Amino acid sequence: MAGLLECHALSKNFDAVAAVVDVNLEVTEGSVHSIIGPNGAGKTTFFNLISGEVPPTAGRVYFKGRDITGLPSHQIPHVGIARCFQRTNIFPKLTVFENVWVAMFSRSNSGALDFIKRVSDFGEIGDKTREIISELGLEEKLTERAETLSHGQQRALEVAIALAGAPTLILLDEPTQGLAPEATQQMTQLIQRLAGRYTILLIEHKMHVVMAISHWISVMHFGQIIAEGGPDEIRQNEAVQKAYLGGRR
Amino acid sequence: MRDRNIFLIVLAFVVIGPFVQPKVIITEMLIFGIVAVANNIMIGYTGMLSFGQAMFFGIGAYVAGLLLKAGMPLIVALPVGTLFVLVLSIAVGYFCVQRTGLYFICITFAFNQMFYFIAYSWTGLTGGEDGLPGIPRPSLLLDPVAFYVFVAVVFLACLVAMKRIVDSPLGLICQTIRENPSRAAAVGYNVKLYKLTAFTIASTFTGLAGTVYAMLYGIVPIDQIHWLKSGDFIFMTLLGGTGNFFGPIMGAVGYIWMSETFSLYWARWPLIMGIVFVVVVLYLRGGIVELIGKVYGSIQRAREAP
Amino acid sequence: MSFLILSQILNGFATGMLYALVGVGLTLVLGVLNLPNFAHGTLFAFGAYFTYTVANLTDSFYLGVLIGPLLVVLIGFVIESQGVRRLYAAHHDYQLLFLFAIALILQETVILIWGPVGFSLLPPKFLAGAVDLGFTVYPKYRLALILFTATIVVALYLMLTRTNVGAILRAGIENREMVKVLGININKVFLFTFGLGAYLAGLAGGLATPIWGLTPTMGFDILPISFVIVVVAGLGSILGAIAAGILIGLAQSLTTIWWPEAANVVIYLIMGLTIILRPQGLFGSR
Amino acid sequence: MISRLSEKLRSLRTMGLSMAGAAALATVMFLPTQSAAEEEVVILGIWPITGPYADMGPLLDRGVEIALEEVGYKVAGKKIKYITRDSETKAGTAARRAQGAIDSEGVKFIIGPWSSGVALAVTEVAKKNKVMYYFSGGTEDITGKRCHKYAFMWAANAWTAMDANLKIFKKFNPDAKSIYLFVVDYAFGWTLQKYVEKLAPKYGLKIAGVDRHPLGHREYSSFITKAMATKPDAVYMINFGLDAISAVRQLYNFGFTPKKPVILSWSAGVEELVQMDPAMRANLQFGTNYYYTVDTPGNKSFVDAYKKKSGGIPPGYAPGAGYGLMKMTLLGMQKANSTDPKKVIQALEGLKGKNFVGDFAINGRNHQTVRPYFVARTKPEDKMANKYDFATIQDISSTEQPRDLNQCQDIGGF
């Protein structure tokens, strides 16, 4: 069975530095697939290659069997891939509603250059926006500026923006980073809730989160995938322990 | 304050203005008000700073002026002039939006200079340094009052149209680009395309204002396409405040009023203008809008205090 | 004809070197400080006026050129430390408004101090008059100017490429964060850069006085040209600014042979072509 | 229900308040200006106070004040209210300020500005508002292609000026064969060039070459090398102000002057000469609409009055023009014994007389002031009686522009 997302020999060099080296990766539809590895292993760069932020030096990316290598970043959402960023990456001066609304509008069939109608005239999009915001527990902050939210709420908003794009695959880059234990747990639960409906590719450092929610784990080290397997396999993998678990914290 | 109330204030200004000041000054305030509001679609909403808007103002004025001189009716001259600017701004904008930040400023500035020198050198067409004279007004608009009403109607129509645009999804998309261009791309928007759209819309309204200006004195002076004029447009916009749709109108009014008033009292009046700008930048980023807000706020507080 | 072309090349170098000085100053400020310095032109004007005043007081043009630009550096320091420093985090629009306001204030100050009427300053005795080069008679001052500015430009280039200070500045152009990370006092770097930019503008102004004279508006005359140089050069490229300055000087004077009216248009043609064919500028990488 | 009503009322009140606020703001900002009282006549001087000709505005204004002081600010039984506006040497701004002053101050007469582009905008405003307009000098369109009933020009006609320049040049350089032209690249420059090309053969002169340069150009080296390659007997300059000064300076740098003469064909005289070092201006011939040593009865009192105000600097073209414009306007009012623009215009048409520049006549057909144009040659430094003793005026008999060259077909009616 072909995976939803397939990377073939994907590489990226920055000048002389090889950030991602010959990565082959397959994400199965409907799974939660985690990528772990020490800082600087090339995980975020790898995400950037998939989401079109930077073009790869070599290799190809296929999504639903279609070659999406080098597609500009603004076309990636339209093939069904949404992304959440490592650093909170929202529109700070816009309201929560507007943050999610634009992402929703982007994927709607309305004319993209529609500047005759008001935002409020798009009733259906507005309703769906509110739905997603409620689902993420932000309904009370609907008309607040995003910059006024707490960090945890901003992370949730980030996920909401991703969901609004009606994706098949969601790329989550350290969704729990910097969150308090309680908020981390909420985020974990949220991801688990989403797991049934979306395919999720996840970068995560907190091992208990990874082990709790992942179906499949790839370990990255110096830009290469050094191990792959289910949570238990990875836990026991020696190479991983040496390269990663042993060396960390 | 709600938009509707502000709109009423603007309306009140348009009606009362010509009774307390020379019509021509209010007329210019309205014409440049269009430009400043349009400019804010770029500066305030999309986060692009163009130092070349005078080229579109001037070209709109030249094209409309030439058509009117050729005997075309108003109904042809103004739309054609505006359309010309629309097409041109797409072409120029295409090159400009490839770059961001300082480079964008430099390129728009440089394009402005290029078109200035074309206008300057192509004397047969534009009159060069002497300006393009003898632009007729349709007989209906010969009377200064009639012309003022015409400009006021154009102004209000532009205002409504631009308000509609910024309240539309496009307006919101522009703001996402201002806030976070890479994120805007990541939710699926072609950032360069939308920047070009904002550039084109702002430039087209600027060009439209130019076509109206051509009829004001019946002449298009060369300084209307000079880079210093582009500077004026930016200052009007920032002076009013970029955080509010209506702010730049106050900027245009305030800027023209200041230059008219200060120049009566001191020969070195640009120095006062400079000081005002410095104060705005260092202490009053929100421009006149912020000033009014602060005054309004302190009045409210004073009223609430026992 | 070939003699004419030779002389025009000489002319092109003389103006081109002045352009290069102004251009390098502007590109440093633009590149390191990421600042649209619309006051650069008026610093050029102040350089000219200070040079004139010092030269008249001391009766020595050389002292004027030595001290005048240094006084401009003081103005630069005041602008940077009292105003610009508070604006690094602000949008370009406010930086631009501020610097333009400074330009207005400075220009009117020139009129307040020196009056609206312009002045002339003759080259020093030693450099007065012209020499016969065989193919043309050429002013000694311009020849000296070419040599002197070439020395300055080379010295500047060496400073920026071979010294620590230069390394820091270039790092600042490439990656501002990196300079901060390296633990360098970024405020000092910015102050120094703004001062250096002001010095180069002032020096160009001072050197230009025997040729272009002094007028209060001279700053606004040179400003557009300096921005064109930066666009053609590529933002932040020092070598590019030098090359673009000379290129534009040459283009201007060579155009005069065949199409004198276009002496100014040609600058913008070059710039237009650059934007279309090589949008990052001749030497730019970004 | 009630709460809704009160909400509505409140929003009405905010609306009312904001409207009132706007009205109040408008009133504060735009204190209503009074228009002219009946016994006053308002004259507007529109001068460059800032911008590239900022040096000229105050001088022009000073000349005007002297003319007004002479009549005690009264004419034809009315008080004179003289107001000024800054043109910034921007045509658009000048048009706005002129129109604004007409609307708010009741201006009936305009004098000024300084440059052609600005004048051509102001003349439109004058025509539209039926306001009399006396232009100092420059573009011949004011009394040519775009003449109209309300516009006059004080300076000599371009033809007259160029003829005088060439005549004097030939007189002092009988062996000269060729001249090289530097021409500022806009309509007025071309006009002067056209006339020089027409007139040169009459004086046995060939045009060795013509270079047009943009207005505001500062770098003349490439033009100079090109000119010198043709070995002309003189460089004949058709440019003004700073452009001319820069070119003179660089011609001197290149060693062209003082070996060979340079002609400033349309010069401001004193205002330009003071900006030049004595060495630079050796062997200069300049033509101007006013030079302070002209020997007429009216001139001496003007120069004395001016020197008192200027700290001893004699007046050049700019103060002369300011004085002359106001004198002519006042003369019209005196002759008409009225301050009605139409009557004043009628009184001026065809008027002949003598004033501080000499014999003058106003051509009724195109409103050109026919008057002498002065050509002077600089004195060597050791011959100067004082530091403002720049030059000696040569023969000043001037010829009027031939009728067939004038483009004012029909000046129209009121």
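The letters A, B, C and D name the chains in turn, as written, and every chain counts its residues from 1.
The working rule: a residue touches a chain if its C-beta (ideal position, glycine included) is under 8 Å from a C-beta of that chain, and two chains touch if they have at least 3 such contacts.
Computed from a predicted model, the values in this text were never measured in an experiment.
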Chain closest to the middle, measuring from C-alpha centroids that were averaged per chain: B
B-D or A-B, whichever has more C-beta pairs in contact: B-D
Taking each chain's C-alpha mean as its centre, the one farthest from chain A: D
Rounded Å distance between chain B and chain C, as computed from the means of their C-alpha atoms: 32
Whole-Å gap separating chain A and chain B, where each centre is the average of the chain's CA atoms: 42
Centre distance in Å when chain A and chain C are each reduced to the mean of their C-alpha atoms: 49
Junction residues of chain D - those touching two or more other chains: 50, 57-58, 185, 214
Chain B: positions in contact with at least two other chains: 121, 268, 270
All pairs of touching chains, each written as two labels joined by a dash: A-B, B-C, B-D, C-D
Chain A residues touching chain B - in the complex, by the definition given at the top: 51, 53, 72-78, 82-83, 85, 89-94, 98, 101-103, 105-107, 110, 112-120, 122, 161, 164-165
Interface residues, chain C side, partner chain B - complex: 30, 34-36, 83, 86-87, 90-94, 96-98, 100-105, 107-109, 111-112, 220, 224, 227-228, 230-231, 235, 261-262, 264-265, 268-269, 271-272, 275-276, 279, 286
Residue ranges of chain B touching chain A (in the complex, touch as defined): 164-165, 167-173, 175-176, 178-180, 182-191, 197, 201
Of chain B, residues touching chain C in the complex: 43, 47, 49, 51, 95, 98-99, 101-103, 105-107, 109-111, 113-114, 117-118, 121, 227-228, 231, 234-235, 238, 242, 268, 270-271, 273-278, 280-282, 285
List of chain C residues in touch with chain D within their complex: 3-4, 7-8, 10-12, 14-15, 108, 111, 115-123, 129-130, 136-139, 141-142, 210-213, 215-218, 221, 252-254, 256-257, 260-261, 263-264
